[in-house]
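Heads up, there are several structures right after this.
Heads up, the next two complexes both have chain A, just with different partners, chain B and then chain C.
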Partner chain A sequence: MNVQDRRRILGPASAKPLVFANSNEKQSLSALNNDELNFQNGIISNSNGSSIVENNKMSLLTLVYGPRSTRDVSFQPNCKINIIIKSEKFETKNLKELSQFLISVLQCCVCLENYPKSGIDIFINFNIEDEDELVEYIPALVSGCIIALIDANIEITDIIGAITLNHTAVCLGQNGDQLLGLWKDPYKFNNNESGDYDDSIPLSEIIKSCQEKIIVSKQQLIRFISNM
Partner chain B sequence: MSNDLEKTIDIHPVSFTPEVLARISPELSLQKHLSLGFRPSLKGFEEFREIQLNEDFLSRYGKEHKDNNIIGSNVLKCGDTFVVTTITGGIIEDSVVYKNMENELIGVDDIKSTDLSNYTSIYPVVEVERGRAGACTDEEMALSQRLYDYVLYSKILPKEALKVQPGIRITDNNNGNAKVIYPDSSDNSTLPDNVFQISKKWSYLLYAKIKVFSRTGPVFDLCWNSLMYALQSVQLPRAFVDERATDLKMTIRTKGRNATIRETYEILSDPCQQYSLRLHSENIAYASNYGIINLDPEAKITEENSDEDIDMDAIESVLLADLDTEAEENSVNSTISVISNSEGGLKHVSIFGGDAKITPEMLKKLLKLSQKRACYLEDEIK
Partner chain C sequence: MSELNFELPSRVIPGQLLCPLYVPTEPKVTKYIAGPGTKVVHYDLNNIDVITSTRIGNVQVVEKDLPNNEENEKTTNNDMMLIEISVINKTTSNDSGISNTLSKSNRDKLLPKEGDIVLCRVVRISLQRANVEIIGFQNEPIPIDGGVGTNGHGVIGVNGGSGGATFSMSQSSSDLGETFRGIIRSQDVRATERDRVKMIECFKPGDIVKAQILSLGDGVNYYLTTARNDLGVIFAKSNNGAGNLMYAMDWQTMVSPVTGVIEKRKCAKPF
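Take a look at the complex of A and B:
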């Protein structure tokens, strides 16, 4: 039986998506590579809070709905965070893992006990995704969630941040004193095929340099939040 | 005891701020606004929202070189709502043999170019972001189906424009350099004639992904207009097959001594060469929507004219252009959707009668408004 999705108009099943041959003349983006993130908030009127975080290689739209009631019948003393990431480029499996990671990071800073019996749903849309690795998106994802949560007037205890260095994303809280999470792309971690990955650098050194960098990125974030 | 009876009870009128009233009684809020001569969104009756366009920023042919599969795009912002349309492509093998036979059977060699069978549509998937996960909603399904049907019946997308004329990738045996040669390029004279005789035919398919954010009212016309803009930005990549593959044959089924042989090709898209999609531009039209609502005579009563006699039976209705906000969407039952081009040519009109008094003058007026709106929308892209 043909089990095509009958809710959507997907076209003939025998069609193949366009496959682009490898371009010989790969234009280097490094010249215009501007890693500085730009923030915007409050653009989506039918959500409680929203943010856009972009640089010239990505544009992420984060929507926060909640705190709103959950369907749980039993009493929940704490709020439940749920994150759904939508991307055309990455596999659902990896996105699910990433959303679990982000949930665990955000649970460290959202005042969950303030919102019993409720849930906070966060939807993240990858609108421009020119980076090839999920790990490169993590600093923008964490900042985007924090701005959207503040935009939704949800109480948080700390402005956390993340830095990606040597294909490792380090999430830090308490001005870098608290390590909240580490992320490496699953496929890169297994195959180690990326060219510029240097596995001679010990993890402790990566974390150390991230701790130094986090202060700068946090200041930038706080500057934006104070003008919101 | 008697004192208690004589005590007067003060009834305090409860008053709400306009925002609260709009939530708890949208109909009343709408009628009160209309009686004052404007709409809850503070627009005039026949005023449209302004639009902002961001043309073809997301595709690989956009302003910055990008390595993605998007071949046409548009971001349309209208009021608070914004619509992101991205168009991707696919390739399908045509069943040419079957088609030729069909034509011979009917005895038609040249089908008129107006025939619907010469046109195709785009495969749209609409997602309206409203903070929920799971299967698509009725609204999203209906929107996708309407977009699909109207693109087909508007005869915008001729099948001819989606035909693939594949080139051949030739690998030089001496130095291993590969180059792609197309049938219409100038330097193919050195090649034998039969190189381009590939028995298979292919066509491009177009897929549209339409994401709607911050929905505040009906969104069909926004989706349609964004899709029109995106379609006009589409660039189709040239496609090629490998030289080695042009005469590659594969046995797919053997039964005794008989074998079925099929030629196989892997068709690739050229990352550097592309051409604009040739649409039937005279058929491109833009959508607008209208509502008609009966005015509630009671809403006209104000403190100053409360003594005047107001005729409660006379029905007066009013035409509203570009429905927006929850109040209008829920209270206006008579809706009209028009797809029109800048010359006033109509591609689609649907009228839901509802309960309002619709006069011929109103219909004439809204057709004129749609033409003006189409003019404005057309100028935006130029």
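Take a look at the complex of A and C:
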């Protein structure tokens, strides 16, 4: 290549990726064999805030960078939120849509006016072995973002909770009184093959039962945040 | 109205409700003002404005004086008591902040704001202004990722992060740094003879300058000033950065102790 990339430090030309031998030991998952989420915060030292949300099926790493300056020409009184979700299991198209959904949910709770002319970058890394529907991960995604934002000392007005019921994720604020977002996986609308998707339940019923469960399901998250 | 009995919580988490705006206490009505770490939020269900906490910390209440220029208001001021409620980070409330600057939870400050004293590096000068990048706050640690480029290390999104949307290569100085930018206009360099300032006799690219933030400025730049005795160039190297560090002789000359070369700067009073 004639044009050299001057902005990066390139490795030597003979560099090869590291390959490790396969370890045959299967780690027993019995210790983690519950569906409850485990939280951790402040693991990544060079990000402003970070969190890990995991259970026996998945591990989500959320990193918050910023608020840092944007190169916007006009004055922006509010801060912008930018979310990038990385996963090799899902289509990029769906992940992009999901990140837009998360942005709109988080905009309801982050004190945007406290951070003029700046942007908050959130990176989410999915670490899963068996993929599920995207909708099943939304409660963990929302909790991960909230913990990482608090860890980054970014001010938020509410701890948003999310519940997934009948393949519908419902994001609720103000202890369940405020509906902030609804998510259904796009492909679930089109082909209802699995049969476990009961579309006879009206959406209002789903929202209502989520509102009833939200306080209980948020308790673990709130307990964790109180001890942060 | 029946008397409302409630106790303020001591330690709070974000989203925790603290108090309504008005509390009918005896003998005066208490009005709460949202201070730092709190925000007034409207609850649709009950149609009420409440003050909610926005960070983890301890609640602090301070009684405020009533403003005197409220004569046009119908309520007589004697009936009201003003209390500012704020949430203080547990770790920042004790004043030994500088000793453990590295502890993460100790950071309170994320953005430069009006009136702050900042350290900045001159990146470009012209006849009218000096362009600088802000590299630190006085007595406050900057966030760990404060500036990906010259300040530290970190990652930016594939599309350039939040700055990517409008980022243009012509605006970047030396790298993809995400530090905050500032401008020192020639009128804001010093307090006297403001119209006769020659920028080249005040700053050179690469100088480290202590400055105060005048305003949030436009989209890109904060507006800074050095029009005070304790503000100005702190560190500078002679011969456009090729020589040694220089000492300030008086407020407008610096000398290199090795070569003896004398250069002009707008120096900060060191002590």
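Keep this in mind: the second predicted complex is superposed on the first by the 193 of 228 C-alpha atoms of A that agree within 3 Å, B and C clash if a C-alpha of one lies under 4 Å from a C-alpha of the other, contacts with A are read in each partner's own complex, and residues count from 1 in each chain.
What we mean here is this: a contact is a pair of C-beta atoms (placed from the backbone, for glycine too) under 8 Å apart; a residue touches a chain by one contact, two chains touch by 3 or more.
Being a predicted model, the structure only gives us computed values, none of them experimental.
*Asks:* Touching A:C111 in the superposition: chain B (first), chain C (second), both, neither?
*Replies:* The second partner, chain C, only.
*Asks:* Is A:F123 touching the first partner chain B, the second partner chain C, both, or neither of them?
*Replies:* Touch partners of A:F123: chain B and chain C.
*Asks:* When the two structures are overlaid on chain A, which partner does A:I84 contact: first (chain B), second (chain C), both, or neither?
*Replies:* Both: A:I84 reaches chain B and chain C.
*Asks:* Can A:I103 be said to touch chain B (first), chain C (second), both, or neither?
*Replies:* neither
*Asks:* Return first, second, both or neither, reflecting whether A:E155 touches chain B, chain C, both chains, or no partner chain.
*Replies:* After superposition on chain A, A:E155 lies in contact with chain C alone.
*Asks:* So, A:Q174: does it touch chain B (first), chain C (second), both, or neither?
*Replies:* Second partner only, chain C.
*Asks:* Figure out whether A:I207 sits in contact with chain B (first) or chain C (second), or with both, or with neither.
*Replies:* Neither chain B nor chain C is touched by A:I207.
*Asks:* A:L182 in the overlay: touching chain B, chain C, both, or neither? Say first, second, both or neither.
*Replies:* neither
*Asks:* In the superposed arrangement, which partner chain does A:S45 touch: chain B (first), chain C (second), both, or neither?
*Replies:* A:S45: touches chain B and chain C.
*Asks:* Is it chain B or chain C that touches the larger share of residues in chain A?
*Replies:* For chain A, the partner with the higher number of touched residues is C.
*Asks:* Determine where on chain A the residues touched by chain B overlap those touched by chain C, and list them.
*Replies:* On chain A, the residues that contact chain B in one structure and chain C in the other are 7, 45-47, 65, 84, 121, 123.
*Asks:* Enumerate the contact residues on chain C facing chain A in the complex.
*Replies:* So the residues of chain C touching chain A come out as 11, 13-15, 37, 39, 41, 43-45, 52, 54-56, 89, 104-105, 107-108, 110-111, 143-148, 152-158, 161-163, 165-168, 171, 175-176, 178-181, 216-220.
*Asks:* Touching residues of chain A toward chain C in the complex: what are they?
*Replies:* Where chain A meets chain C, its residues are 7, 42, 45-48, 65-76, 80, 82, 84, 109, 111, 114-121, 123, 150-159, 174, 177-178, 222, 225-226, 228.
*Asks:* Within the complex, which stretch of chain A touches chain B?
*Replies:* Those residues of chain A that touch chain B are 7-12, 14-23, 25, 27, 29, 32, 43-47, 56, 61, 63, 65, 84, 88-89, 121, 123, 125, 127-130.
*Asks:* Help me check something: in the complex, which residues belonging to chain B touch chain A?
*Replies:* 58, 60, 64-69, 71, 80, 82, 84, 86, 88-93, 123-125, 129-131, 133, 135-136, 141, 144-145, 148, 204-205, 207, 209, 211, 213-216, 237, 239-240, 267-272
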